[in-house]
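There's a structure below that I have some questions on.
The chains carry the letters A, B, C, D, E and F, assigned in the order they are written, with residues numbered from 1 in each.
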Amino acid sequence: MRTAIIRKEHFNAAHRLHNSNWSEAKNKEVFGKCNNPNFHGHNYQLEVKVIGDVDPETGYVMDVKVLKSIIRKNVLERYDHKNLNLDVSDFKNLNPTVENIAQVVYTNILKDLPEGLELKIRLYETERNIAEYPA
Amino acid sequence: MRTAIIRKEHFNAAHRLHNSNWSEAKNKEVFGKCNNPNFHGHNYQLEVKVIGDVDPETGYVMDVKVLKSIIRKNVLERYDHKNLNLDVSDFKNLNPTVENIAQVVYTNILKDLPEGLELKIRLYETERNIAEYPA
Amino acid sequence: MRTAIIRKEHFNAAHRLHNSNWSEAKNKEVFGKCNNPNFHGHNYQLEVKVIGDVDPETGYVMDVKVLKSIIRKNVLERYDHKNLNLDVSDFKNLNPTVENIAQVVYTNILKDLPEGLELKIRLYETERNIAEYPA
Amino acid sequence: MRTAIIRKEHFNAAHRLHNSNWSEAKNKEVFGKCNNPNFHGHNYQLEVKVIGDVDPETGYVMDVKVLKSIIRKNVLERYDHKNLNLDVSDFKNLNPTVENIAQVVYTNILKDLPEGLELKIRLYETERNIAEYPA
Amino acid sequence: MRTAIIRKEHFNAAHRLHNSNWSEAKNKEVFGKCNNPNFHGHNYQLEVKVIGDVDPETGYVMDVKVLKSIIRKNVLERYDHKNLNLDVSDFKNLNPTVENIAQVVYTNILKDLPEGLELKIRLYETERNIAEYPA
Amino acid sequence: MRTAIIRKEHFNAAHRLHNSNWSEAKNKEVFGKCNNPNFHGHNYQLEVKVIGDVDPETGYVMDVKVLKSIIRKNVLERYDHKNLNLDVSDFKNLNPTVENIAQVVYTNILKDLPEGLELKIRLYETERNIAEYPA
């Protein structure tokens, strides 16, 4: 049986939901107030879960200090106090729904994670709207 | 790999734990203060998780506005500010433990959910007593 | 300058809002779904603040173990897993709004508090509806 | 002694901190990443406290349903899913710091509040940065 | 499909991270401020999840009162207000990382759990550092 | 009317309650399990409230970045991951109750605060035990 370690971090960002292949009317109909052209924003809460075996020397699945620096480099420094649509290349052609952000965060963090570890992302857009990837 | 979206809602209800096939003494012994004949109550916190694929057009597993209206119709309008034992047909013959409520909420929501989506329920009776279905 | 100590406790109770001097129609109009005749319920969160001077021998404004036992005797044992309207004498002739419950809790606890200490009550009916007495 | 009722609401908005009388360099120096030209955003949590006497007929300081509709009209409908700098006239010439937003919310709500009630605002920009007005 | 019941408890303990096979320099390098020789401490939040079938007589996966007494005997009475390194035999030869504590709690509780039930532990060392076993 | 800004921070520390002028028996009787000779510990949550006028140039009562650095220097760097009784000079001759820690934090922060600002401290030893100074 394996063990998981979870680290919580957060970032504050502006975004809007928008599909550039659609008319303004369709965007408004589907995304409602989340489509506001001047953006709105959220305090995103991020939970990064890493699953693996506990190293008997350290008692760690993974050093949380290392995990924090991977999250900082790949997510916080790139998303915090930014406009996801305008400032972040990941969402140049991708609608920044909470589901899509969770998938992108997964891909970004995974590439810097030591081999043999499993990764899961939980992202809170608000206290009441949350995505998980992989489910 | 699939993605999940989670929506949190809440309702405030009265209930008591009681098995009508048992004597008053046995009910008191098994359910303790939860068996109080005049009821007590809780602020139930409900987490509804829907698992599926992200639609590339919308970036959604499912439109949360639709999910909210399914939860409202099937749970909130029927349970909120009600007495679960006396006012809600679901518990006419079913003891409203947190486990049983979670199972009934699952069945009620599932029938209105689009096909191909997986459903999981997490229900908080208090901050410290929680049920999940399916586990 | 004085120092405060705050102790949080909770109780789960059923209640309904009702003024027996009014018609059913007026009760329904004023109290809405909170007037449901079969009751509903809440997880009440209670914060008891005691203000005084720090005893240089103990470093305490008041021993929290003593404060807990005063809260238990005067509030928890009398309200927890009860129907406030039917089971608790304090609300025989008093509508159990969150404001009125806060005032009654204040009076009940104050009479057992050592002299010279100031008391304030904060009561959460839900996470979003709260009363304070005295304000 | 008076009693208080507190109602919590929330809104999600984009903003940036900026003083248009200052150079870009000074804005960047004083406001740091909060000055990002494309905005960032927050889930603002709002606590509206109303202090008064309890009406013996209702047991209310004020009907929370009425308070909610005052908050909705004056704050939520105007700020939620908006860009405070671009979409909200209140901040046309006012820097939307958490302190200034709290003061403006106070003024907006006060004018619709019944006479004789005292008002206090607590506004969370994040879980860790909070303003109160009046203090 | 099975159902889960989760019970949350907490304990407050001192600990330090240390591997007695390593030099002081290596301990300091790997564990940083968590290696402070005079210890530091945490409010540990513990979630114990038990998975099984719902008994049709009681509506329970397991009586939470019984689960609470198993947690109290095996964890709270042994860890609460203790120094994990010095006062608790479980960590005589085991580094009390959050991962190792979660595994030990799992083993301690499992031996008193009725047969046929599955067990999962979630342990919060802080709000931001969490372990799960099994993952 | 003045405005307040509140900053939340936290630190994790070990401590024990003990009065060196008392016998072991009296210490045990008064402080109970908090007197455990090998210490226990807490995740302390600290709220620092600063009350003043809003600067019309910045919209700030005080720059939160400056407040954070004052808290870091005077509290976090000296208390975090430390044993309050053994490692921190402030408690060489002072029992580290939550009341006493709040008073000492007040004095430490006040001396670095710009003139004309009022200071209030709220300190959570656990989610349920809190001190405020001044009250």
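Everything that follows uses one rule, which is that a residue touches a chain if its C-beta (ideal position, glycine included) is under 8 Å from a C-beta of that chain, and two chains touch if they have at least 3 such contacts.
Because the structure is a prediction, the values reported are computed rather than measured.
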Tell me, which chains sit next to both chain A and chain D? none
Note: chains that touch chain B and chain D both are A, C
Quick one: how far do you have to rotate chain B to sit on chain E, C-alpha fit, nearest 5 degrees? 120
Cα-centroid distance, chain E relative to chain F, in whole angstrom: 28
Just how far, in Å, is the C-alpha centre of chain F from the one of chain A? 34
Residues within chain A bordering two or more other chains: 127
Please give all chain pairs that are in touch with each other. A-B, A-D, A-E, B-C, B-E, C-D, C-F, D-F, E-F
In the complex, the residues of chain B that touch chain C are 10, 12-15, 33-34, 36, 38-43, 80-83, 86-87, 126-127
Would you mind writing out the residues of chain A in touch with chain E in their complex? 1-9, 49, 51, 54, 57-61, 63-65, 118
Residue positions on chain F within touch of chain C in the complex are 17, 19, 21, 30, 32, 94-100, 102-103, 127-135
